[in-house]
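Below are structures written as structure tokens.
Common to both upcoming complexes is chain A, partnered first by chain B, then by chain C.
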Partner chain A sequence: MDYGIEVRDQEAVVRLRGRLTFNDHAKLRTLIGEMGQNKLKRQVLDLSSLEFVDSAGIGMLLIAREEMDRAAKQFVLRGAAGQVKRVLTVAQIAKIVPMED
Partner chain B sequence: MTGSPPPGLLPIETRDAFDGLAGARVLVVDDNRINRHLLLALLERGGITLIEQAEDGHDALVRIERFKPDLVLLDLMMPQMDGFEMCRRLRADPRWKSLPVLVQSSLNRAEDRARAFAAGATDYVTKPINAVELLARVRIHLRKRTMLRDLQQYHSCTEAELELARAMQARMLPGPDRLAELEAATGIAIHTHFAPSSELGGDFWGIDRLPDGRVAVYLVDFSGHGVGAALNTFRLDAICRQIGSTELSPAEFLAAVNRRLCGLLPCGQFATMLTGVIDPAAGLFHYASAGSTAPMMWHPGDEAPRLGDGSGLPLGLLASASYDSRLMPMPPGARLFLYSDAAIEIPIGGEDSHEVLDEYGLATLFARRLQEPDDAALLSGLLADLAATGPIDDDLTALLLTRRE
Partner chain C sequence: MFTPASTDAVPATPDNFRDDSQGGNAKVAVTAELLSTWLGFADVQRRTLDVVQGELTRTSNHVEASTLDLSDRFRELAQKALEQSERVAQIVAMAGSVDIDGERVPLDTLVVGMQDIITDMVTNIVTLSRHAMSMVYLLDDVQKDVAELEKSIGDIDGINRQTNFLALNATIEASRAGEAGRTFAVVAQEVRHLSRSTGELAERMRSKVTAVVKGVRNGHDILRQIANTDMSPQMLAKERVDKTMDSLVAQTTHFQSVLETAASVSSDMSATIAHVITGMQFQDLTKQRIEAINDSLAIMGAGLGELETRIRAQVPAGIGAREPQEWLNQLMGRFTLSEMRERFVRKLLLEGTALDENGVLDLNAAGGSGSGGDIELF
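After this line comes the complex of A and B, so read on.
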């Protein structure tokens, strides 16, 4: 997995690319730190270029949600497609994290 | 604390005790008695007390067996068997592969050194001996050996513990006796496959006979794998036993397990779970799912399995979560297939593709095997298909439950 952060007027958009699995643990930790550091209240994870997520990957998304909660930031998952969308749907993640198309 | 002096001020002997070299055993091999005594005195000054002497290579090999040294100080030019030959023979024995051999020789050409290293020497100093240098090298090699031994000990200890834990985890699962008994009593035959991706896994399943001929089954998959996930399976086993499975519907059971897990799991950990009850009298499979895989049900005469619905919030995320009760008909002869998500996350389409098999792909593989009358052969055939599809890098559990006609 790799990622890029784009800071816009109202929100910071983090675009994840590739596969999000247990191996990305350290990288996602760094990313969560970076998200906490920028001033914007609204943090969007853009998943449209993410092609695969496993259960450990979902766990890391939930950790991100908790960290954003703690930093009093809004956290949104956007644009999930394919396998990622299927997995998030089966796990009904929308019940605990806002999801946008 | 009584304020011990800094290590530099301690007498040499005490300092070595701190380094863990006090009990080190050193074999001095030299044909010259004066040289041996010189080395002996030098080592003793360095705090090493367990020293044995050998006069040539033959003598050394014999003594090594009994003395079991931690380091050999080896001369090269000796009668009977020289140091090169002794070193070669020593290294041929796997027990002495990592024993440090410090060559001390008056041969000082580059070719001699190269020959000694080729024969298996660890290090090389030339005569006349520089006492400080020799002692320093002896210490370095002994310390390295101690560290290596600690590491090996830790490794084998950990391995043994993991093996024990693996056996404990395997014993939590229903054994063949229980499955045979269950089949005889209820007409539900169960074939299983359980393969953690490392020594320990986060998958777990269970089955229970309920009153009036019903059978309860559940399949759990904790996020991640390895030791952490495995410990969670023990927690869950305890929780399931505590709740008991007789009175609650599958949906109520999941909600109860979820409430208990929510207080236990740290953020980022969760479990998916499917739990269901086969009711042969009614010909139904009642189930509920917390983000588990879609159950597959095949009816005799059908060409393909029907896919159930696995959606639901995984356990451990939200204490107030509730779960839907779902239903699939299960007539005599029907086969129910439950599996962990490893089976639908197998990469397909080569190196650069991120595509995975997914549940439709799995259903297709399953459909091709349905003509197989023998359940065990069906399951092993399907598992072979999965293995041929691509690498499986997560815990894989598969349950095939057949309702006998």
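After this line comes the complex of A and C, so read on.
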């Protein structure tokens, strides 16, 4: 998995690409740190280019949400599709994290 | 012998006509031909009446036997239709539910229950994954801290070596100072002891820390294996289970509605059959009518026979009965059913003959022309 951060007027958009699995846990921790540090209130995780997520990946997304809560930031998941969307739906993530198309 | 007259009746002249006032005993002139014709007619009519009575009785019996047989079969059919609708009703009652530990559970309740269980399972997987990742991050930090600790112990060793070296120098300097340095030498000696103790403590700490590091690394590895076991396929199994359950409910509902229709059709059938059986009672009425007709025919036949006997008694022996050939032909033309025609012919030809006395008339002619092959029909 790799990612790019784009800071806009109202929100910071982090676009994830490829496969998010346990092997990316160190990279994701760094990313969470970066998201916590940037000044924007609204942090959007763009999942439209993410092809696959495993159960560890779901765990990491929930940790990211906790960290954003702690930093008093809004955390949004956007554009999930395919397997990622199916797994997020089955896991009922939308009950915990706001999801946008 | 009998000579046919040119006309049927002799005109009623004063010579042969007696006054009507003399009632039933009045005599009229009738030609021998007319009498002969009448006798022929009367004979054939009487026999025909007998045959007709026999045919009516035969028909009535036939209808009765067939109706009874049909009623029995219909009753059987009605019973089977009833059993069928009961069986289907049983299936309908069972179709919507399943037996679990001796308790009937409606299928939709069961499906909701199963879906709840799987939802809980998925939620547990998600919670577990999040906790596992939190632990992985925690142990990542612990490993860094333990590495720091190992480095700190190394630092203690360095300081200790330096202290030991200083104490050694102090001892040497003290011995050079002679008596004046004696006290100082004692202090230097104590510092060296202290340094040795510190070194030993650092060594004990190092061995313990090494054990801790080893334990943490093992735990970290195991945890990584746990967190690295992807449970997303198991989570996605919920989709398949949900679809299967929905399909199962839909199919069962469909079956139930089809079976309910089948049950109502079966009970409609048994009601219709009951009506048919009631309708069969026409036979009873028909039988009574035929009996009444037969009775009338018997009275007519008897009347005719009696009249024939009386007339024959008064007719001169020379006048015989003339066979009404044309009328017979017309009559025979009506009997299109061969066995019936055969019975009629036997009656006309054989009654009162020697063959009749030998019981030929009682033979069942239903076998067709085979049994009556020696009789040439009209």
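As a convention for this text, the second predicted complex is superposed on the first by the 101 of 101 C-alpha atoms of A that agree within 3 Å, B and C clash if a C-alpha of one lies under 4 Å from a C-alpha of the other, contacts with A are read in each partner's own complex, and residues count from 1 in each chain.
Here is the rule we use: a residue touches a chain if its C-beta (ideal position, glycine included) is under 8 Å from a C-beta of that chain, and two chains touch if they have at least 3 such contacts.
This structure is a prediction, so every number in the text was calculated from the model and none was measured.
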item: Partners on chain A (chain B, chain C) - clash or fit; value: clash
item: Chain B versus chain C as contact partner of A:48, first or second or both or neither; value: neither
item: Contacts of A:62 with chain B and chain C, given as first, second, both or neither; value: both
item: Touched partner set for A:18, first chain B, second chain C, both or neither; value: first
item: Touching partner for A:29 - first (chain B), second (chain C), both, neither; value: second
item: Clash with chain C, by chain B stretch, listed 98-106, 116-124, 188-196 or 278-286; value: 278-286
item: Interface residues of chain A shared between complexes with chain B and chain C; value: 22, 54-56, 58-60, 62-63, 83, 86, 90-93
item: Chain C partner contacts - residues on chain A that touch it in the complex; value: 21-23, 25-26, 29, 53-56, 58-60, 62-63, 83, 86-87, 90-93
item: Complex interface listing, chain B residues touching chain A; value: 221, 223-225, 267-270, 272, 291, 294, 310-314, 317-318, 321, 341, 345, 354-356, 358, 394
item: Partner chain B, residues of chain A touching it in the complex; value: 18-19, 22, 51-52, 54-56, 58-60, 62-63, 66, 83, 86, 89-93, 95-96
item: Chain C residues touching chain A - in the complex, by the definition given at the top; value: 119, 122-123, 125-126, 128-134, 136-137, 140, 224, 227-232, 235-236, 238-239
